[in-house]
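For reference, the structures are reproduced in the following blocks.
In what comes next, chain A is part of two complexes: it sits with chain B in the first one and with chain C in the second one.
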Partner chain A sequence: MIRFSIPRTMLALLGSFLAICFWPTESYSDLLSGTAEEVGLKVATESRENQKGFGNFTASLTMTLRNKQGKETQRSLRLKVIEIPEDGDRTLFVFDHPKDVKGTAFLVHAHKEGPDQQWLYLPALKRVKGISASKQSGSFMGSEFSYEDMGAVEVGKFTHRFLREEPCGDLKCLVLERIPKSQDSGYSRQVVWLDREELRTIQVHYFDRRNEHLKTMVVEGYAKYLDRFWRSSTITMTNLLTGKSTVLLWSDYKFGIDLDTKDFTRTALKRVR
Partner chain B sequence: MLFEKTQRQILKNPFTAPGEGGKRIPASRLPAVFAVVLGVLVSMLPTTAYPAGFTDEVDISGRLSTEAWLYPQSAAYPDQHSYAGGLALETTFYVENDEGTSITVTPFLRYDAGDPERTYGDFREAYLLMYGDIGDGEWELRLGIDRVFWGVVELRSLVDIINQTDVAEHPNEKTKMGQPMAHLTWSGEWGALEFFATTWHRARTYPGPRGRQRYEFIVDQDMISYESGAKEWNIDLASRYSGLFGPLEIGLSVFNGTNREPTLLPIFLDSGLVLAPHYERIRQFGVDAQLNRGSLLLKLEAIYRAGARNSRYIQHLNTLEEEDYAAFILGSEYTLYSILGSNSDLVLFAEWTYDGRGRWATNAFENDLFIAARLGLNDTHGTEFVVSVLGSLNKSSRVLAGEFKRRLSSDNWLLHIETSAFLDIDEDDFIYYVRRDSYVKINLGYSF
Partner chain C sequence: MKLLRDIESRLGSWVIMLRWPIIVAAIVLTGIAASGTLLLEFSTDHRVYFSKNNPQLLAYHEMEDMYGKSDNVFFAIAPENRDATSALALEATAWLTEQAWQIPFTSRVDSITNFQHTTADGDEILVRELVDESAYSDAEERSRIREIALAEPVLAGRLLARDGGVSGINVRVQLPGEDKLREGAGVAEYTRKLADEVQERFPGIDVRLAGMVFFNQTLMEVSLKDLRTFIPASFAAMMLMLLLLTRGFFGTFAIILVVTMSVMAAVGIGGWVGLPLTSPSAVAPVVVLTVAIASCVHIYSTFISYMYDAASRRPGDRGSRIRQDAIVESIRVNLQPVFLSSLTTTLGFLALNFSDSPPFRHLGSFVAFGVGAAFVLSITFLPALLSLLPVRVPASLPRENSAIAMLGKFVVRRSRKLLWGSGLIVIVLVAGIFQNQLNDVFLRYFDESVEFRRDSEFIVDNLTGLYAIEYSLPSGFPGGVSDPAYLSDVEAFVEWYREQPETIHVNAITDTFRRLNKSMNGDDPAYYRLPANRELAAQYLLLYELSLPYGLDLDNQIDVDRSATRMVALTQTLSSKEVIALDERVLRWLAHHAPNIAGPVSSGTTLMFAHLGQRNIISMLVGTTLALVGISFILIFALRSWRLGITSMVPNLVPGALGFGIWGLTVGEVGVSLSMVTAMTLGIVVDDTVHFLSRYQRTRRELGATSADAVLVAFRTVGKALLTTSLVLVAGFVVVSFSNFELNSAMGKLTALVITLALMADFLLLPPLLMKFDANSDGSLPPVNS
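Let's look at the complex of A and B:
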């Protein structure tokens, strides 16, 4: 009888190998290993990667602008987004309300690195106007959102740092700090709460150039589209200095429709409705 | 009489053909024309079986506005009123089918209590639009009356030439009349190439005897003549390439056809001296470019125009001297966002405009500097302030202007106030005739 003995150390190695393979939150523990900067970058990258691959979508937006006294004003617009592989998204906004800006459209070619390109279409003049890329810190339609708050957050435009893990409502969150690389950004830094399970943005604190806590954004009402993509229904941005706030309501999400890059050119901008 | 003789010379000139000119719809025919158009549009709107199935999307929007122009200084010429004002309605009807083919019709109506020349109607738009794929790119065809904008600077449009300017509507020459055309675009990642064929030349509008901001003599729209034998039916051709090279946007254009800017020739009629518009055939090459440098935009517009004239009057021929010329505008736009920690944006403009004809230019922009600042409060009212100064670099003339825009609390109403002051206008200046026409304009509009 031949005794086939396996050394104890081998068994231990095999066991830990299997443990690693089947560990329930294996990616999670991997995710959090490394320096704060490494973890920050990994988490931000994975969060961004989770959103990728949707191809394109359209949606409607209603903005409710609320001043300090609680007086409300409504804005409405539609948008189309297309993913560009290896680059930032392209987004086309068309304003419906207020009526005097109806038909005004705004086209953004976001880039992974470097400044984005932006054009405004003014229907009364039929003019397409190239806009300074530094417009990112300006207010979007008089709301508490600035242009840079409206698009997808490209990882390459920030340096990231993992801060801590903490509960956020019913969820558990990873807290990151991200510092914009662009001098044109209105922010010195942002602190982001991402839920641990899906790495969705739950809350962001924005700090102005004087490092004062300027705004807080809270994201709610996540629903899953195409079995993969989480999209929120309500985003509230509160300005802590002025007491004003803006609520963004998303609706009519449509994915996988017949859109291509030709719908995001300056020529296409001139025929938007 | 000297002028009778010269008038006969003009009419006898084999290179000159009188014509009607694509005029605006006169007040007397307005109700009939618009009744027909509205009838056609309304018949298109219901969901009953319209042949091409233009039922997918129907949209009506527009703006009704009332405005008043006040001229605090006494008039330079007899008959001129100290006010103008009335009502204007611009409505856009839009229908689109499943393939994205659409029809857009935009009639414009204005009633003015001060100047009958400003009571009229026009089709700003009435076109069919279709587009589709071609290889990696796309084609787009627009057939009918449309407006086209070329250019990058704020002060005025230099390269822009497809549409006629509605000077009676606003002397800033930024309002355009609809132009019948076929407009084909071929675009791709390499940029866009556009071809235009336009006909039914539109006559430039001018204020009537009662209007302010006009020449000493009245432009007589019954005395229009053309160099082209086809008169207003000459087919004008144009083409434009526009491309994007990183931070540089560039447009190259060429136009070959009847000039949009007339040569105004003095003619002596029984009723007195009038100015007769004569439209030459010209060829114009244009370039417009914008370089994006973060908060700073650098801009250039330049043209070379052959077959045009300067303002030097040759009495024995009763015409203006021919001169091929170049002109350019160099500009910059600098934006300060969120100034002083507020939501407000401040945009600063500086533009230098130069015309190669120098003092014989046919406009006020022979060598001028324009400086402007626009403050946008970015509030829910969209409040905006603009102040500007346009100053001649050779003469004393200056134009100070201010503008205020604010959406009223009900959101559909927009108040727009603008004022211009003409200061120290040099007697030699082309715009000497407006020296007493400083104005305040108040416009209240309802958008729907």
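Let's look at the complex of A and C:
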């Protein structure tokens, strides 16, 4: 019996050694175990969780809209975001350019379940209007981004599935498919590339209702804020059907601002400058 | 000239000597040329009708660049009880609206059910689809929907008939244009499947289809059907004619073989050169088929008649020896006229290259290749083949007493009366030319047997207009679409346009602004007007755009930097002249009344096709004139006689002029394709003249005959061949006239008419002219040493 115990110990040691060498981390192997659906949900949830806890931030955004012939036009806006625990984020957009919409403010209360709430302050009318749209999947300010492409992806609004692992540029990516639960979405599905290390969105392919590849979103220029939160500087959305594209340039990220939920209310909208 | 004469007399013997190499070479070369057929592609895009520099095409592209392509599929939903807002009709419309997203390349779907209706609820703006499921069972809700839709300028008269009987769904598709044939066909196929499915799921609902994609698809389907039926039909008609007229089985076989090879070579060379097949150029095989036959018939009938002569003179001679002599002789007398007539026919068809519309140029080139191939084959391959085939000498041949010879005698006897009589008839009928009106109605490009035509007419009668004139209205600066001065000019323009008698519907952004203004002010009807200032308008637009669903955004109405909007006017079915007149009136109005619209552009397929006819007529007049001058010079040079050359212009010109005169008196409408007929027929018509004149001159020169005697000889020798070729040509073009594609069928009819008139002119008008103007000279040249 003793004769066998030594090799057995050896085997166990060797096994652990191999495991340490070839499996990058314990949590990573956990993440990828289970059915494709389970893995998909786990990865999506973890990716979302990684982004949580920032509290609030502000940023500036310039949108460059380009048509097939290369004709361009720009829009610029600022936004403030506050995190609401156990619910979606609240976002306030303030438009700066073009001049004729300067001062227009758009407030969104995203919800984990059910439709988002939205209000728009029109300085020319000096009034706040609630917007209730049944199918809000159209273009955001004439860009190639639709409203549903803009906000944070709430895990509960999709069914997720893990597809594969593959290299993406210099990184290694996990490729996930997510299918919107809402009938009103403009998409039949999305395929998302998340980098393996940080689970940041690197690229998304959007498939239209015919399941044709309609748009591609590429996210670049990630930088880390507060030592934890990754934010990108450039997001490009290309429409393969029309040849049009939109580039979002993010700048002036600021975290931990003196903001609270009172700044994200209907009445607060009017005070926005 | 001596050299030419040498070639004339020696070519026949060379061909007989080298007959096997010639036959093998002809078959191999034809095979190589014909393999180009594999490279041919059918083009189904209506844009191919326009040359690259066509100003209307450029404007169209500019507009496509700004607002996206406007290729579309249009469904008309026609309930049996003529109530488009009944529960069943609404359900069917909603179902189809949803399913239409599955049509390949769809970028937008508009109908009454997904119309984004804005209403106010206190300080909340509601943007909803006009119809939701609960409406199906709620009669009150349905009548509210009907009321709203009929009062909504975007919908009434476009997506809902003004009497509420029929509704429509417009689907915009963005064909990538990489594989146009398959893309369009895929869209059409899916659409038809959907239409069938609606009729199955919702009994009592009839679905009709229209739109640019179907126009293009129908063009292709009709052309392919034409190709499939015409080529065999032409072959059959031709074979029958040849058998009847030549009474020789082997001769017919040899000719058909040559013609088939010419067609294959023509189409194949076209493929090698990269010509696309389109509805007009798809008739090329049939045209080549008919045109190529002429040379063969002339060579063959001379060959037969010499064989007969020789056989009766030398009854003891061996068949093959007679055959070879007859071939040599036939080549000798026919080389010049066959070469000339091929050259002139080629010139005539090449004149189509002056057309502004590429498909007609392609037709000209295809046929020119075919005529070239037919010429080469008919002086090499045909005699080589004939020398091998056991062609028998016919039992009888036209002699002095044959009908055609009798006709010759009659013409000679009555030449003076014929000259004045036919001259008078010509003048009267030619005056009919002025009865022709340029009138292209492209919805009527297909005859009533074609579903697209019937569906289009149903839609025009019951729902809306299918003629769309698009306008891009620039404000002159970015963001200018919100400028009140600009918007009020656009609004005035829209109001004015709606009052025009031709107008059925006008779609413009100003209606959206008015509706938004009303909703933003608590749905107060007093606010159904343009926003008061630029900021307000821009902010409304921002709000509206934030609320729209996928595919219903304003991209197709406003350009990327918000400096221009697109307005679309739907009109009644108009002729091209009326379309152009309307457009001119509109642009004039804009120039005078809309100072804040900076440089409006009008465009769209309707306008493009309307201009196409006019541009073509002008370009073809130039082309035809040049071809005529060229052909006349060739004849003057070849016959080496100014007198004969100029005399020949009369029978060359008269048939075309007469044809259009008769057309003017009977039909009176001229479209794009007919502008081609003069150029096309010119080359063919000249053939008859060439053969007649060549034989006439040869007789005068070689036998020193008088003008009248030479006419008699010409009648006797080439009369029957002329009759045969003309009948075959007429038969071929009559076949084309059965096309369901109006452009081709009108072309076929008029061409057949012109060719008939040409034969009459050569038989009845040319001889009296020759006897009058060529009577005194004893041959137009000093005797040639022969």
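Quick note on the criterion: the second predicted complex is superposed on the first by the 245 of 273 C-alpha atoms of A that agree within 3 Å, B and C clash if a C-alpha of one lies under 4 Å from a C-alpha of the other, contacts with A are read in each partner's own complex, and residues count from 1 in each chain.
Here is the rule we use: contacts are C-beta pairs under 8 Å (C-beta built on N, C-alpha and C of every residue); 3 or more make two chains touch, one makes a residue touch a chain.
Because the structure is predicted, anything quoted here is derived from the model rather than measured.
By the touch criterion defined above, A:G142 reaches both chain B and chain C.
Once the two complexes are laid over each other on the shared chain, residue contacts for A:K262 go to chain B alone; chain C is not touched. Once the two complexes are overlaid on the shared chain, A:P115 sits against chain B while remaining clear of chain C. Of the two partner chains placed around the shared chain by superposition, chain C is the only one that A:F106 touches, whereas chain B remains out of contact. Legend: residue contacts after superposition of the two complexes on their common chain; A:S132 is shown touching both chain B and chain C.
After overlaying the two complexes on the shared chain, residue contacts for A:F95 are found with chain C alone; chain B is out of touch. When both complexes are overlaid on chain A, the residue A:R271 reaches chain B alone and has no touch with chain C. Touch criterion met: A:K68 reaches chain C, while chain B stays clear of it.
Of the two partner chains, neither chain B nor chain C is touched by A:A36.
Residue overlap on chain A between its contacts with chain B in one complex and with chain C in the other: 65, 67, 73, 98-101, 125, 127-130, 132-135, 137-139, 142, 184, 186, 208, 210, 241. Touching chain A in their complex are the following residues of chain C: 65-66, 68, 101-107, 121, 123-129, 132, 174, 176, 478-479, 482, 520, 533-540, 542-543, 545-555, 558-562.
Looking at the complex, you find that chain A touches chain C at residues 65-69, 71-73, 95, 98-101, 104, 106, 118, 120, 122-125, 127-142, 146-147, 184-186, 208-210, 212, 241-242, 244.
Only residues 65, 67, 73-74, 97-103, 115, 117, 125-130, 132-135, 137-139, 142, 184, 186, 208, 210, 241, 261-262, 265-268, 271, 273 of chain A touch chain B when the two sit together in their complex.
Touching chain A in their complex are the following residues of chain B: 57, 59, 61, 63, 94, 96, 102, 129, 131, 133, 137-138, 140, 147-149, 151-152, 174, 185, 187, 189, 192, 242, 244, 247, 249, 290, 292, 294-297, 333, 335, 337-338, 341, 343, 345, 378-382, 407, 411-412, 414, 445, 447-448.
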